[in-house]
Amino acid sequence: MCAQPVTNTKEARWQKVLYERQPFPDNYVDQRFLEELRKNVYARKYQYWAVVFESSVVIQQLCSVCVFVVIWWYMDEGLLAPHWLFGTGLASSLIGYVLFDLIDGGEGRKKSGRTRWADLKSALVFITFTYGFSPVLKTLTESVSTDTIYAMSVFMLLGHLIFFDYGANAAIVSSTLSLNMAIFASVCLASRLPRSLHAFVMVTFAIQIFALWPMLQKKLKACTPHSYVGVTLLFAFSALGGLLSISAVGAILFALLLVSISCLCPFYLIRLQLFKENIHGPWDEAEIKEDLSRFLS
Amino acid sequence: MGLVSRGTAEAGLGAASAVDRPGPPDAVPDPIPTPPAEGADPGSSRGPGMVLKAYFPTCCASADSGLLVGRWVPEQSSAVVLAVVHFPFIPIQVKELLAQVQQASQVGVTVLGTWCHRRQEPEESLGHFLEGLGAIFSHKPWFQLCRERGSKSWSCKATRWQGPASPAASGEDQVMLIFYDQRKVLLSQLHPPAALPDRQAGDTTASAGGLAAVFDTVARSEALFQSDRFDEGPVRLSHWQSEGVEASILVELAKWAAGPVCLLLACLLSLVSAASACRVFKLWPLSFIWSKLSTCEQLRHRLEQLTLIFSTRKAKNPAQLMRKANMFVSVLLDVALGLMLLSWLHRKDLIGQLADALIPVADHVAEELQHLLQWLMGAPAGLKMNRALDQVLGRFFLYHIHLWISYIHLMSPFIERILWHVGLSACLGLTVALSILSDIIALLTFHIYCFYVYGARLYCLKIHGLSSLWRLFRGKKWNVLRQRVDSCSYDLDELFIGTLLFTVLVFLLPTTALYYLVFTLLRLLVVTVQGLIHLLVDLINSLPLYSLGLRLCRPYRLAAGVKFRVLEHETGRPLRLLMQINPLPYSRVMHTYRLPTCGCHPQHSWGSLCRKLFFGELIYPWRQRGDKQD
Amino acid sequence: MEDEQNFSDICGGRLALQRRCYSPSCLEFCLSCPRITLRSLTAVTCTVWLAAYGLFTLCENSMILSAAIFITLLGLLGYLHFVKIDHETLLIIDSLGIQMTSSYASGKESTTFIEMGEVNDVVINEAIYMQKVIYYLCILLKDPVEPHGISQVVPLFQSAKPRLDCLIEVYRSCQDILAHQKATSTSP
Amino acid sequence: MAYRGGGGDGQHPSASLSYVSPGRLSTCRTCTHNICMVSDFFYPNMGGVEGHIYQLSQCLIERGHKVIIVTHAYGNRKGIRYLTNGLKVYYLPLKVMYNQSTATTLFHSLPLLRYIFVRERVTIIHSHSSFSAMAHDALFHAKTMGLQTVFTDHSLFGFADVSSVLTNKLLTVSLCDTNHIICVSYTSKENTVLRAALNPEIVSVIPNAVDPTDFTPDPFRRHDSVITIVVVSRLVYRKGTDLLSGIIPELCQKYPNLNFIIGGEGPKRVILEEVRERYQLHDRVRLLGALEHKDVRNVLVQGHIFLNTSLTEAFCMAIVEAASCGLQVVSTRVGGIPEVLPENLIILCEPSVKSLCEGLEKAVSQLKSGALPPPENIHNIVKTFYTWRNVAERTEKVYDLVAGEAVLLMDKRLDRLISHCGPLTGCIFALLAVFNFLFLMFLRWVTPDSIIDVAVDATGPKGAWTHQSPYRKKVDENNEVSKTR
């Protein structure tokens, strides 16, 4: 099926154009076939310790969930007085609040333009609503069986860990959803506590550890990485200790989990990078580099 | 006698058995040229020869020889024979008669040709005489229809005289004989009615589609059929005779009497309607109640129907007449049924028993409801309900039921009298009684309705709150401008409060949902009963009984069209068809003549109904009449 | 005058086409399906009754048996009266019209007559039917408002769906008569 | 002409079938083929694939082949229809799942397709567009029935994300035992070969074409006082509408006498309107909305420069049409676009606002200096490039080649599936193929080929379309007008 006899294919050189009839069959394969094929154009090289450092965010979140559960267990057992927890929580959050402004000399506050009055207002809202709702929370789930509640809260906390914003830009990340799930779980668990004061304290604590603490972490990580690492280690060890006081097995498992996440996973990530094979060529859909929003805003 | 003559005609056609006689008998004055052989292409051999159609009334099949009187429809090239003029006659008188008929009925009735019916041995003279007639009544084509003694073989030829001057140069045409029953065609009414030409415009406009034209001609030339067989007119015609005169006298009497009666009744009805239209009833709460009570609807509907029936104006077209008749019959049937019901009720004092039965029944229902509520306030079917909310709702509803029972007991002494009057109302018709029954049911189940409304509102509130909070939970919000869900960043405290409320609502939902479910089921039960009653009422209201009866007893009155039967046929003879009326199928009768009902039927489909139920919107019985007097 | 040919329908069943020619201007086609066979009838009945008997053995209630008998009888009657069409007739009368009669196994007949004035043409058409693509004969009705327009398509021989060869037979004769009709109606 | 019923309006050639006796319908042919084009995309839907199928079929019919088209029902346009020259189109009642592509179970379409293939005596199945599920179904069934198969790929696909990985796997399965594949450009060929892991020898490159008579220049329609830039494309992301929204303000601020005419509709129209709002360009930027194919030329001839901002294109017909109308083309250098036009007719830029603006400025400066050749010359050059007749004869060669080959038998096909598509997928689809074969056996048992009526050819060597009364022909002409548009 040649357009012309095969003899003169020698002198005529094949070109990659469609607009002129060439003395080659339609299914002719030139040696320049696939020459524009590229591989792993956008592949990135990772540094081991950098990856470990990044993974500390996950560690933090795991630890905060663990701490929360431990505290709840203590209160459920009645080993921990709500007043004491409330006091410590209040103190620690005040300290955190002061730190939050000290770290970056308050330009973060300037940027957001949020006044202290607004902070005070939202704090008051928290306190009043939680206090007002605590009796309702108390009677909310009494007819629901405890296992259901546990299952629900475990599910919710897992969701919180999954959807949390670890700094990766993926589709499923939604900090709102993760926070809401955490609050939902805390309410479920709080409704199991003996008295309404307990419930109140539990929910406030949940807010502190799930909403306020990550903010502070982010800022720490941004400004003073070293202290951040220190805080992370401290936090992790405290969580482990708390867990240890409940069950040794749990503590060991948790420790293994932490180690694997912080050390093994980065190692594997870097190993698997070698096998990456990503094909690129002229057929790829070109993506627009510059942002076009400036024309619209 | 018309009937008799028609009977013989049927026999005369001899359509039944195929007796093949040897070819055309020599008796025929001039044998028709035999049509071409089967195989050959008819178009070519016949040339421009047009097939003429001669519509011949079966009742004239046995008439003596004479002249064919009828109408020639050029556009279908068909001749509609209406009657036969017997010998002897004086041509002038025939022409006069035709002129009278023509100006009476605006139909171009002319002499189409000759008709000879040989009972005994053929005599040559008659044939020639008939030939000669063509010269007197000149018409082209000139039909010569002839029936043999054996009454099976007919011969017909149509000649186009090129003027009387040269009778030799006459072209022959293929003729097709179509027998039709004059009476049926006269009385039948085509569906869908063809565009009938108005009387003034005359027969020039009678160019409605082929068969419609034939029907129209026959229908309009009634004037021809007025003359009875016995009155000694100058001209003796034979055609379909209307039945005996006595019956017609009765009819005349009825017609004569109808006018004043209608007038009287119309006056009465106008009085009633005026009374009902009095301003007192138009005040707000009353008018609202009227609009909600099915009884009033039904009465209003009946009133309209009666006024329409007894309006002294004449029905313009047969459809309106049919409609009136249908209404009349349905009203009659309705009242008859109602009277039967009444008699049945008043025999051995059923009313009293009912009244005695009613109160206990209402009490019993209330008891059952109380039990139901007790059950709900426990742990029904092991469901996880919130105890506090459960108690609150339960008490609330129990209090309602208590109120209800006291109300019933308050009105218990009057029940019997009320029922008595209700029973009397049955003489206005069964439908009225039924709608009153449905109203009573609605009144007696008012508490269920209240429960339903409370439950539905509560549930609806919860559902909407939950849906919006669920969006907040996912960090989304409903954008009103773009009508879609956008993502938005909430403040911390907004999130917290939203989630708190969300949790609370989620855990409280099952309780509300259960109450809602139970009461919705009760409500649906009541609504279904009411719906059934309303359907029955609508059925009685809308059934076109008169048309159905007509279709049953006189199938030819309502014609969907015609159908043809090929009569036993032999070569060399004109093709003979029998045209019969194709009666309207019952489904189409129903569809065409069903009367408009007063009630509007359910607009929402099942899907939308389920949606409404799920989202806790209020549903109403079939006629948007759920909320009685609130 | 009258001849008979055998054809098959789209599912391979037998069909008999009778062609009666009363006069060059009047033709009649009668397409008759095979009658309901005793075997299938007995098969259906027996299955129903066996099923009923099985139920009866489960729950001792003689109502079931009588109900089954009634159901079969009613079903048979309904089938014969409303479903099973024995033969379909197409009567074409030049310059008068086309008449379609379909007569059920119970003897009930339903007739429709279309005047020549309304007929635009008789054609063979293709349609997607269930999981098949079939040919069928149909009458095109004139659109009263605009000439050459087509207001409706009336399919013929709907119950017995004959194959193409049979359709062509009928189609040819129809076209002959229609052609003559057209010729005469144009020439006054 | 409005018709009721599923029958559609196929009666005109059928009405003339009485002149053709069934005995004449001999099927096996040596020189000519019975081709069945299968695709989800056909008129009344508009686009590149639709046009390709229609024009190619017309040219093949004129070369004496028998061609039928099978697609799914669009609205109440179902049943069987005839287009110009008796091109027969089956609109099958199948469920449409996602933008005009039917849902596939790989089995449910077998009975109808098999019936059609048998009654039309089809010898070659030619499927179009890898987005069309129906096309893949048809390939699958055709192989089961032992018919030759050809596939034309009209689109490019990436390898990066999950969805494309899956689709590429399916394409591999579908093409691994297809006889021949046709691509519209060399880039598209490379892409397809990579995606379906094919032997490049069985992949031919046959470009699209445009009808040069439809796209003739008309210099008097454009005002030389202002410079007009024309954009005709669907306003979606893949066509680079975002780039356009960046280009418009840049150039409009730079050149006072520069106008834009934008034809096309789509979800991205909003941002163009926003840009127009912001910079008060209502008098200089005209948004025409959706264009009929016949109006495109009238829009094109109003402009001097044609701008194409696509982010990916297999073979961009729009720029060929524009060049054929004598416009200077400025386009992004993506996909197969560099192969379509020679350098002197096109200005290629990188897919970014900056580069495109530079390209446009270059074009404007050339225009002002009068360096551009007059439209007639451009038209005369371009009209020699791509013609449907050329496409048709090259496709015909492919058919001849394929008709020579043997279709894989069942066992070989299974081996090939398992060996070629990886163990898991291969086994799954081999199993499906076996099921399909059993289903086909069942269908053959239920309705044997012997009782399936052979369709009357409207086209092809013994086509009944040619001899018919002039009245019918007239009717069909205006049918065709009402249909193909």
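Letters are used for the chains, namely A, B, C and D, taken in the order the chains are written, and counting of residues starts over at 1 for each.
FYI, contacts are C-beta pairs under 8 Å (C-beta built on N, C-alpha and C of every residue); 3 or more make two chains touch, one makes a residue touch a chain.
Computed from a predicted model, the values in this text were never measured in an experiment.
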item: Which of B-C and A-D has more C-beta pairs touching across its chains; value: A-D
item: Between chain C and chain B, distance of the C-alpha-averaged centres to the nearest whole Å; value: 29
item: Whole-Å gap between the CA centroids of chain C and chain D; value: 43
item: Computed distance of Cα centres, chain C from chain A, in Å; value: 72
item: Chain C, residues touching no fewer than two other chains; value: none
item: Chain-level touch network, classified as line, ring, star, complete or other; value: ring
item: List of chain A residues in touch with chain B within their complex; value: 122, 125-126, 129-130, 133, 136-137, 139-145, 148, 174-177, 179-180, 183-184, 187-188, 203, 207, 211
item: Sites on chain A touched by chain D in the complex; value: 1, 16-20, 25-27, 29, 33-34, 36-37, 278-290, 292, 295-296
item: Sites on chain C touched by chain B in the complex; value: 1, 21-26, 28, 91, 93-97, 99, 101, 110-113, 115-118, 176-177, 179-180, 183-184, 187
item: Residues on chain D engaged by chain C in the complex (per definition of touch); value: 1-8, 10-11, 14-15, 17-18, 22, 78-80, 90, 92-93, 111-112, 115-116, 119, 447-448, 451, 453-456, 475
item: Footprint of chain D on chain C - complex, ascending; value: 8, 10-12, 121, 123-129, 131-136, 138, 140, 148-150, 152-153, 155, 163-165, 168, 171-172, 175
